[in-house]
């Protein structure tokens, strides 16, 4: 008893979700409001980047969640392939649109931020490029889910795609890092401290770090809430489907 | 109340606008889909009884 | 296995599509590039390795959906699944046949097309080496995509969408190897990476391809 | 070389179509599966052939003993009749195709491209493929579609020879081939709505 796999039962999962969804969504809202308001109104400008540093409160959490969502999909895909728990496959399906939204936010805020900093909307900076590739992976993954009628076949194929894609995504990351050396350097130097968020060399950065932390927690909670909600939606759809199939037979 | 964003006002404000818009759209879409799926399911379950 | 390879090669010859189309497409891409970027030879020299690699990749992509779709339609794959040949071997042979009918001609034709783009003399060797090392990876990855989308009606477009991100590392290291070769720089890093990717995907990806093919045959 | 099917339930598109099918196919036996269209004969044969997983129950057969032939023949129109047969013979580890060619009266067509054959001739070629597999248990889904009377007779002879040499056959067909065959009417096995009717993946959602 008390095993985590109990929640692999779709009905049990739905009931549990219904209990936890509201508090998680509340927590997400509170953290996001506090973090963003704190960051936007009550933090000083950076001495180098001026007011643009405020973009960090959106850009960094979105980028983190874009990667974490894919990682979560990888784990749930593996669970589906090994243990055949339907909730796991549906959770992966539910996470993909959230991940792609986060990737788009990271890309757009990155481009807007890059405009005054680098003097161009788009630089083929390794990090930006990697996110663009991640975006393509998300698109392919979602398109494959949409293209297949049979839900179990779709779950199997997308799971394998997710695993193979993860390997290639990591490969691409190294390839892109290597590839950009030859073109131009230093594009990401400015953001090296910003990305890790824990850059303690500069004492100022703590001023930015705490609201950033609240924002990251807010994004994580938002992601969890949306995954729970969307997974439950998928379960409801499947249950409807199953009941209709049974109705037709009767 | 509004902080002085200086020459970067457009940059910062547009970042916030786009991001918040995307998040709100995602949440709205998810909630609507959830509601729809729930109604469809309740419909079928009601017929079963 | 040899019978399957022989059959696929004969089919590619007789159907006429395999060899001719890929090369023709490659040629057209290469010819169109100077029209779009201008005839200045310095610029062409600079972009030649990248353009040749992109052309080869697109020519390869063109014929991917034929790897498995035809055998799916006429029921051959169903019959194969009950045959003593494991599907891992089937997909490997299919990828090999695709490489021999598409990759090899591209490798052979690439130096000729290099002339059209003012590729410097020292670049030809590395262009051929990079394509010879990289095109097998393109075929094997493509077979995985073909196996994923084999039963789907709009498979062709989806196949491209799924495969293109997977082609990124191969393209980067392959084109980089060709570029460094052409510019006379050190080539060992991209050479090793490209070889690593090729051998890695050849060793591992057929298992994934066979797995998804089995799911699709269900 | 006995095929044993025990309490087999098969599913199509996630819904069980046939439930609790059991039969045994011994050497020299033929079993004809009958039932109205859409009841799941093809699904049953595909499941027995191992092309799709059984929802419930078991299919026991010696390894590498089954040969399956269905509506699509797996023939390449750009290969000649002989090349098509040679290919499948090699895949199944055989060499000689003359017996198969003779059995279905294809010797005049040996060098014709399969694409230039008539529908009936193609079907004969598809069935000749069964002979080059050298497998003892044949699973045939509507094998006589688009065959004329003479070809049906040829086919019946081929099956008869196969049976008398110790092979066995499981067929789904509407035509009486004049074989000493048992009949399996799958009508009574039609799945009914119930706790077990929704198969495989959807079951968890009920």
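Per-chain residue numbering starts at 1, and chain names A, B, C and D are given in the order in which the chains are listed.
Quick note on the criterion: a contact is a pair of C-beta atoms (placed from the backbone, for glycine too) under 8 Å apart; a residue touches a chain by one contact, two chains touch by 3 or more.
If you want to know which protein each chain is, UniProt gives these names: A = Heme exporter protein C; B = Heme exporter protein D; C = Heme exporter protein B; D = Cytochrome c biogenesis ATP-binding export protein CcmA.
Please read all numbers here as calculations on a predicted model, not as lab measurements.
**Student:** Could you name the chain whose CA centroid falls nearest to the centroid of all protein CA atoms?
**Tutor:** C
**Student:** Quick one: chain B (Heme exporter protein D) and chain C (Heme exporter protein B), Cα centre-to-centre, how many Å?
**Tutor:** Distance between chain centres: 42 Å.
**Student:** Round to the nearest whole Å and give the separation of the Cα centres of chain C (Heme exporter protein B) and chain D.
**Tutor:** 37
**Student:** How many angstrom between the C-alpha centroids of chain D and chain B (Heme exporter protein D)?
**Tutor:** Inter-chain centre distance comes to 54 Å.
**Student:** When the centre of a chain is set as the mean of its C-alpha atoms, what distance in Å lies between chain A (Heme exporter protein C) and chain C (Heme exporter protein B)?
**Tutor:** 32
**Student:** Which chain A (Heme exporter protein C) residues reach two or more other chains?
**Tutor:** In chain A (Heme exporter protein C), 239, 243 touch at least two other chains.
**Student:** Which two-chain combinations touch?
**Tutor:** Going through each pair of chains, those in contact are A-B, A-C, A-D, C-D.
**Student:** Within their complex, state which residues of chain A (Heme exporter protein C) touch chain B (Heme exporter protein D).
**Tutor:** Checking each residue of chain A (Heme exporter protein C) against chain B (Heme exporter protein D) gives 36, 40-41, 45, 50-52, 54-55, 58-59, 62, 97-98, 101, 104-105, 108-109, 112-113, 115-116, 222, 226, 229-230, 232-234, 236-237, 239-240, 243-244, 247.
**Student:** For chain A (Heme exporter protein C), which residues count as touching chain D in their complex?
**Tutor:** My answer: residues 9-11, 86, 150-152, 235, 238-239, 241-243, 245-246, 248-250.
**Student:** Enumerate the contact residues on chain B (Heme exporter protein D) facing chain A (Heme exporter protein C) in the complex.
**Tutor:** 1, 3-9, 11-12, 14-16, 18-19, 22-23, 26-27, 29-31, 33-34, 37-38, 40-41, 44-45, 47-48
**Student:** Once bound in the complex, which stretches of chain D touch chain A (Heme exporter protein C)?
**Tutor:** Per the stated touch rule, the residues are 13-15, 191-193, 197-198, 200-206.
**Student:** Using the touch rule from the top, collect the residues of chain C (Heme exporter protein B) that touch chain D in their complex.
**Tutor:** 2-4, 6-7, 10-11, 14-15, 71, 73-76, 78-85, 217-218
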